[in-house]
Structures are given as C-alpha cells and as structure tokens.
Amino acid sequence: MDAVLDGGFVVRWLTAAAGLVEREAERLTELDSAIGDADHGANMQRGFAAVVKTVDTRPPGTPGAVLIAAGRQLISTVGGASGPLYGTLLRRAGKSLGEAPQVTVGELQTALRAGVKSVQELGGSAPGDKTMLDALVPGVEALATSFEAAAGAAEQGARDTVPMLARKGRASYLGERSIGHQDPGATSSALLFAALAEAAR
Amino acid sequence: MDAVLDGGFVVRWLTAAAGLVEREAERLTELDSAIGDADHGANMQRGFAAVVKTVDTRPPGTPGAVLIAAGRQLISTVGGASGPLYGTLLRRAGKSLGEAPQVTVGELQTALRAGVKSVQELGGSAPGDKTMLDALVPGVEALATSFEAAAGAAEQGARDTVPMLARKGRASYLGERSIGHQDPGATSSALLFAALAEAAR
Amino acid sequence: MLINVPETVVADALRGMAAAHPELVVDVENRVVVRRDAPVAGKVALLSGGGSGHEPLHGGFVGPGMLDAACPGEVFTSPVPDQMVRAAAAVDSGRGVLFVVKNYTGDVLNFRMAAELAEDEGVQVATVLVDDDVAVTDSTFTAGRRGTGATLFVEKIAGAAAEEGMPLERVEALARQVVAGSRSFGVALSACSTPAKGGPTFELPDGQLELGVGIHGEPGRERRGMMTSREIAEVALEAVLEDLPPRLPVLVLVNGAGATPLLELYGFAAEVHRVLDERRVPVARTLVGNYVTSLDMAGCSVTLCQADEELLRLWDAPVQTAGLRWGR
Amino acid sequence: MLINVPETVVADALRGMAAAHPELVVDVENRVVVRRDAPVAGKVALLSGGGSGHEPLHGGFVGPGMLDAACPGEVFTSPVPDQMVRAAAAVDSGRGVLFVVKNYTGDVLNFRMAAELAEDEGVQVATVLVDDDVAVTDSTFTAGRRGTGATLFVEKIAGAAAEEGMPLERVEALARQVVAGSRSFGVALSACSTPAKGGPTFELPDGQLELGVGIHGEPGRERRGMMTSREIAEVALEAVLEDLPPRLPVLVLVNGAGATPLLELYGFAAEVHRVLDERRVPVARTLVGNYVTSLDMAGCSVTLCQADEELLRLWDAPVQTAGLRWGR
C-alpha cells in the first residue's frame, strides 16, 4: 500500500467515475424511481460531466486541489441531496490532503474517511440508514487492503442496502415499503470505488 | 291509415322513445365519440327522462299539447345541438296539430313534416348533410304507408348516413374523415320512429 | 376521475365555486353564475356560457371587468336557453346584454332561442359569435370555424368596454373587432376523458399528435408523430399567420389544454415568441396558462389577437375574476 | 410531452417566463427569477426555490406581496447553492433575507450551504422549513414531514409581512406560525412523468389511488381502489384534522396536482367544505386551483392553515405575481 498518487491519478479516477455514471445512469434513475424521485441518474450525470470539464480545463494540480475543485463543482451543479453530500465528500477529502503533490493510498484513505464523516454530519445520517454511507464506509475501510477490495466492499455495501429500512432522504417516506430495493446513492458510491480501482489498474 | 290517435297515444310514444333511448344510450355516445363529442347518448337520456316526467305529471292533454310540452322540455333540458332541434321538431308538430283531442295518422304526418321543416330552418341544413334529417325525412314520408314502414325507412335513412360527408354540426369538422361513420342524430331519430311503431302495436 | 358520479359533476363544481367565491352568486339549481353586484346600473351586461369542461372559461371569468354572468352546460354540451334567459334577466340594467357565443351548432342554437325569449321579456340582446380556430376552414359546407381561445380576448376586452360605460352597439362592435382580428390553432398530445364516457373520447396513440384539435377533442387537420415544442410552435403559428397576417402588434395567448404542465407551457411560450420574432410580428402582451381547457387533455393552443391602441388599453384595464385578475 | 429535449426544459420555461412577464427579471443562465424592482429599500426579502415541476410554485409567486426571488432547480431536483447566493445578493436591501425551504433533504442541504455562503458575503439570512404533509409522520427516523401546499401560505403571508416593512425576526416568526398551523394531505389518481424519464416515475394502475402521495410522486400511506370525491375529502381531512385539530378559522387550499380538471377540483372543493361544515371547522378563505403541482399528475391535495386576525389580514393583503394576484 505504498503506491504514490498524484493529481493526474485523481483526474483519471474522476474521469473513470464520469464514464461509469454515464453508463449506469439509467439504472441509477430506475433505482431512484423505486424509492425516490427518479432523478439520481440525471443528477450524477450532470455533476460528473461538469467535474470532468472542470478538471480537464484547469491546470493540473495536487490531488487535494483536484478533489476540492471537483467537490465544488458537484455542489454547484448537481442539486438534490446527492450534490451537497458528494460535493462535501470530495471537498473535505481534498482539504484533508492539503497541498501535497503526491499522496499515499493510506493518506487517501484517511482523507476519504474525513470526507465520509462530513457526509454523516451534513446528512445527519449513519451507516444502516440505507444511504450512500452504506457503500462509502465499507469502501473506505477496505482501501487498507487494495483498490480492488475497496471496489468489492462498496459494491457489497450497496447490495446490503436492499433489505434495509430507509431512515434518511426521500426513501425514508416509504417506511416499510423501502425494504427490498437497493439504495441509488449507495449504488453510485459503489461506482466511485469501481472507478478508483479502474484508475489504479 | 285512419287510426285515430289521442293524447294518451302520444304519451305512450314518448315513453317508448325514452325506453329505447335509455337502452341505446351507450351506442349513441359511441357513434358521437367517433364523429362528435361523445355526449349524444347522455343528452338524449337526460332529455327524454325529463319528457316522461313532464307528460306523466301533467293532466293528460291533446296530442298537440303533449307534443308542445315535450318539445319545450327537450329545449329546457338537453342543450347541445340536438336539444333545440328535437325540441323544435316536437313543438312545431304539436302546434300544427292545434287543439284537436284526436288526430289521424295523416294529420300526424303533416304535423311532423312541419316540424322537420322547422328543424331544417333552425339548423340551416338539408337532407344529405349527414344529420338527423336523413332519418327524419324518410321516416315522416313513409308514415303514409304505416308506422312499421316509417320505422324501417328511418332506420334505413340512418344507415344511409354512413357513406355521407358531414356538412353540419360537429361532425362537419372532420371533413372526409366523417365518411364511414353513422350519424348519431340520425340514429336517435330512427329510435323515435321505432318507438312510434311500438306505441301503435 | 376526482368525481362523485358523472351526473352531478357540474352541480358539484358549482357548489365548490359558491364556497370558494363569495363575490359570485352561484345558482346551483339553475346553473347560472352572476357577479354579486349585478345588475350594475348604467352598464351593458356581458353574458356567456357553453359546455362545461373548459374551466376557468366561462364561470371563472365572471366579475368586474369581464362577464356579468355565465351559464355552464353539461360537460361539452351547450347550456339550455332557460339558463341564459334567467341570467339575462338577472344582469340587465336596462342598457342591454351582449351574448358571447362560441361557434358550435349547439351553442348557436341555444343562445339564439334564448335571445328570442329574452327579447320577448323586454331585454335588448346582441350576439357575437366567436370563430377563431383556423384548423377548421370557414366554409358554407361546414358549421364554420370553431370558437376557442379568442373567447377570452372577447370577454376581457368587451368586458372592459362595458365597464367603461360604452353603449351596447359599441361594446358589440369592439367584440366583433376582436373576433375579426383573432385566430387560434390547437394541438393535442393526448385525448381527454369525459366523466360520462369514463374514458378517452377519442383514440390518440402515445407519441402521436392531433394537429388542429378542437377544445372538445374534435379532430383537426392531421395526425403526426411526436414533434418538439419548437416544431409545434412553427406549425401552429404558420397556420394562424397564413390565415390572418397581422398588421398590428398582437396579444398572444399561450393556452394549456389542461394536463400539460405549466413548466412545459412556458417552454412552449418561449418557442412561440421565437417564431414571432423571426417573422417580425410585434408582441404587445403575452398570457400563459390554462384558460380555455379541455378537461384532462394534454396539449396547447396559440391565439393571436391584433390589437390597436384601444384594444390594448381595454386589455390592460382592471379585471377581477376567479380566473383572470389584474389592475385595481 | 410538449418539450424540445429533456435537458433544456427548465431553461426553455425560464425563457418563456421572461417573454411573458416583463415585470420579472429572469436570469435564464443562472436560473434566478427576481422581481424587477428588487432590492426594495427597507424591505426584508423573501427567497424560495426548489425543484422545477411544481409551477406556478415558486417562480410564479415572485412579485410585490410575495417572493422577491425564486431559484428553480432541475425537474424535481433542488437548486444549487450558487443560485440562492446570487439571488440573495440581488434582493437584499440590507434588512436581511428569509429563505423559505420545503423540507426535503436536497433542499435543506443546498439552502443550508447557500445560507452559509450568503452570510459570508454579509447578507443576514433566516431560514424557515415548511413541513406540512401529514402523510409522512414526523419522526427522528425519517427525513421528517414533507413540505407541500403550506409553502403557498408561508410565501403569501410572510411576503405580505415583509411588504409592510416588518423586520426579519418578525417576518420569520410569522412564517413559523404559518408552518406550525398548517397541515396537508395529497392524493394521486395517476403518476406523473418527468421529461428525463420520459414516462411515469411510479406505477399506479388505472382505477387505483395513492393516498398521501408526495409532490414528486413519493409514496404515501396506502393504495386503494377508486374512491369518490366525497370519500377522498373525508380521508384527507380526517388525516389533517387528526394531526392538528384547528382552534381558529382556517384558510383552505384545494390544490390540483396538475392534470385534474378545474371542474373536478371545484367539485372536490365542495366536498371539502361539506366535511369541514360537518366537523364545525369555520372556513375563513378558500383558494382553489393548480398552485403546487406535480407536472402531469392527476390528483389533489388539501391544506388547512389556522389563521388568527393578523394572518388573515396578511393573507388578504394585495399580491401581484404571475400565479397569485389580488388586491391593489
């Protein structure tokens, strides 16, 4: 776990994420139409398309700077619940990385952990509430093993939301009826970790 | 053709008409939904139900008085194109019969002919325009033969509207597209003659 | 449908109007809606009516600056003469009553009978027929052009003229001027369902449009596959402008058929403006909303009305009704 | 749908608003709608916003007596903080800005961020969350009650208070009083279709009702077979009155979801009044129409707001917006 990551890596990560989101947008919307308002696919698409544009047109920066810019862009573009939450995740992680031109995977993990904590605070939510956190938390923890392990853990975390009762966000209005559906935000979080693994390959 | 008809006969006629209209209301609406606005069944039902109520609650009168009362009731109850037209038909026919307590079939025919003429004037229409006139005119003329013949002729007249191009009323908006559909008003006119034959049996 | 039974739909709606609008006198039994201060001394009265299902037309346009009375018929069925006779008696101040009638055979006949009866009772009546719909060509071989969106312009402008105290002939002449200068074209994206029928009154497959549809779902000029908002604006305005090239600035009504979201209607209004700009047609005023509806039909219509200074002034004059309100 | 492409639906609608309403400043690119005379000197400013698809809410409520600015998001998606920051800067006269926010996680988070950023720029911001929907029980285990029809009452009443020159704390307190005294319940007769999805966002078989539906088609309490207008009024008011038995006369909003004909909505209003009469709930005012819509959803909602003398006076005060207008 001593690979060293630069700003270019983060750009590749976010670009891969945009690709996955584009590919899976319809599925995200489908999931959101079961327990939400059918816009998660469009929200993520709009956001990550803008992120790619931002990081592509800016001079290449440090990993922290790239993440902060991406987070800001999400906040300014997405709207909905996922915009501020994902935006905060990346922005806070970026801030935590500071100005180092290169960071280790361990440092990235620490940064993302800080980001996830901010998501919890902002959303007033916790793992088990059937939200993006249920994929983010296991994903970040499994980074200690490998990028691939993180992708797998996030994916499993997303799947694990199926039997959960939603307590936060729009899906919470469903009460018992939210059970049996996979959370769209957890699903898109799993895509972020899949993109991370892709960028690292 | 020297049967003598009294006010009771006219009441039986209108009551039979109300029954047929009730039975065929859905079909009338179906026809009107093809080339009109899907209300002819409801219009006729509402109108003839009110007519029956009126003639039932009034002291029995002369044939002319019954027809005038029925015509007034149609005008006051139906609305749409058919209300004034059928109302005028009956009212004008009733006026033409004057105050005779009993009338012959020949007198009834003359009276209905006057009624049909008023319909033409009010509607600015002529036979061949794909309207109620296409059943009324042959029906009235065939009264010279028998009630049954009149019913048959009106029925045939209604069927003959199928290939016609509508020139009056709502169906005229369809232009060529009105061809191939039977006119709802001609169809209800045929019911009036069928009811006349029924009352005479 | 949000109803009790089809038979009471109109009466139920009138009870609701009575409850929500204390400024109106709603006679539920006789189906007459009258402004509370009628008859207004010295004022020509405006009376309209027609089949129900086009709300807010006509009951929603009763009030100062517009109609004095409205007579709602059954759904998509013209009212009966008794209603208009009663309403005319209630609103006539002695200066006469203008009947505003949409050109449908049923409305024409029932209002004509009502006019005769009202005149027998000593009310002076003038009638203006509204026939703005260019989808149906005006010919002696049809019932003539249908009346649609221009009804709102006529009722508003003639209503303002009456409110100013103009005599019946002048109010009537202005109403005729509005009719002469107005044209409409409508498009359906879905059929409408009447309570009596319990389902759609015509078939319109998903993804198909009826170009030139009437406000009761009457067929139009043709059917086409789905078009963009932009393309619909072009087709509608092409039809309208071809029939009556404007020589004056226009009032524009971008009207919703009932089930088209206001969000989409405003988007359509943008395209209407773009096309008018391109054709150098100056726009004086634009009204966007569901004003002359067709129950739950999805779709829209555009009406243009050529407005000289006087019409514009009368359009801008205050109006206080349930469905249209501005000024003081 | 009457659109060009799903991506431009909101921008197209804003262009249409700009064309139809010269009394508004519509910044299409930045998605901000502002009353033309903003900032109004000495006046607290009211700012709201939320996902599009609920028109006339919120852009249609910008104008004298109601909102100073509105920020429309994508369809059913809350706006982004940049919009609110820009709008706040445009309308703040120095006396502060009240954010009126419907209680949805997305709106809450984006407005919270905006409030922080605006305060950084020296604007004094207060926020009131609207959460009137009794279909969702208020609990720490959910996102809390949703905000629906009461938004109109809050915007109107707080807007009138601001127009009178009241300070931010007082305007905020009145807004909170309205929220505390308001409850809603909605019913869907059909699902709504978003442009992005191109079809219904949820399944609602013909002849079925979703009782307690949310304004984005969020599920409610239960599904049932078709009910009469009368029965729906009973269920809705039962839910509302159980949650907050009124001790004051109420303002009533009988709101259409978008595709329900006004004819049916007035009939529903009659039933609402009947039930309130039976339960001896005095009605002060009734507003019937499509005000807080859900695109092309068929259905309705009822909102009651308990109104003391002051709220009633503020409700009756003049308002001049595209969607709500009365008084001078």
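Labels A, B, C and D are assigned to the chains in the order they are written; within every chain, residues are numbered from 1.
Heads up, the rule we're going with is that contacts are C-beta pairs under 8 Å (C-beta built on N, C-alpha and C of every residue); 3 or more make two chains touch, one makes a residue touch a chain.
The structure displayed is predicted, hence computed values, not measured ones.
S.K.: Return the chains shared as contacts by chain A and chain B, ordered by label.
M.R.: Joint contacts: the list comes back empty.
S.K.: With chain centres defined as C-alpha means, what is the inter-centre distance between chain B and chain C in Å?
M.R.: Here the centre of chain C sits 31 Å away from the centre of chain B.
S.K.: Could you state the distance in Å from the CA-based centre of chain A to that of chain C?
M.R.: Spacing between the chain centres: roughly 53 Å.
S.K.: Just curious, how far off is chain D from chain C if you go by their C-alpha centres, in Å?
M.R.: Taking the average C-alpha coordinate of chain C and of chain D, the gap between them is 29 Å.
S.K.: Could you check chain D for residues that touch two or more other chains and list them?
M.R.: 75
S.K.: Taking each residue of chain B in turn, which ones touch at least two of the other chains?
M.R.: Answer for chain B, listing residues that touch two or more other chains: there are none.
S.K.: Quick one: do these chains touch in a line, a ring, a star, all-to-all (complete), or other?
M.R.: line
S.K.: Going by the touch rule stated at the top, which chains touch which?
M.R.: So, checking each combination of chains, I get A-D, B-C, C-D as the touching pairs.
S.K.: Chain C touches which residues of chain B in the complex?
M.R.: On the chain B side, the touching residues are 29, 33, 36-39, 41-43, 46, 75-85, 122-123, 167-170, 172-175, 177.
S.K.: For a test of understanding, state which residues of chain D touch chain C in their complex under the given definition.
M.R.: That would be residues 1-5, 8-10, 12-20, 52-53, 55-56, 60, 75, 189, 228-230, 232, 254, 258-271, 273, 283, 286-288, 290, 293, 295-296, 298-300, 320, 325-326, 328 of chain D.
S.K.: Any idea which chain C residues touch chain B in the complex?
M.R.: Contact set of chain C toward chain B: 51, 73-82, 104-106, 109-110, 112-113, 136, 141-143, 146, 194, 196-197, 201-202, 214, 216-219.
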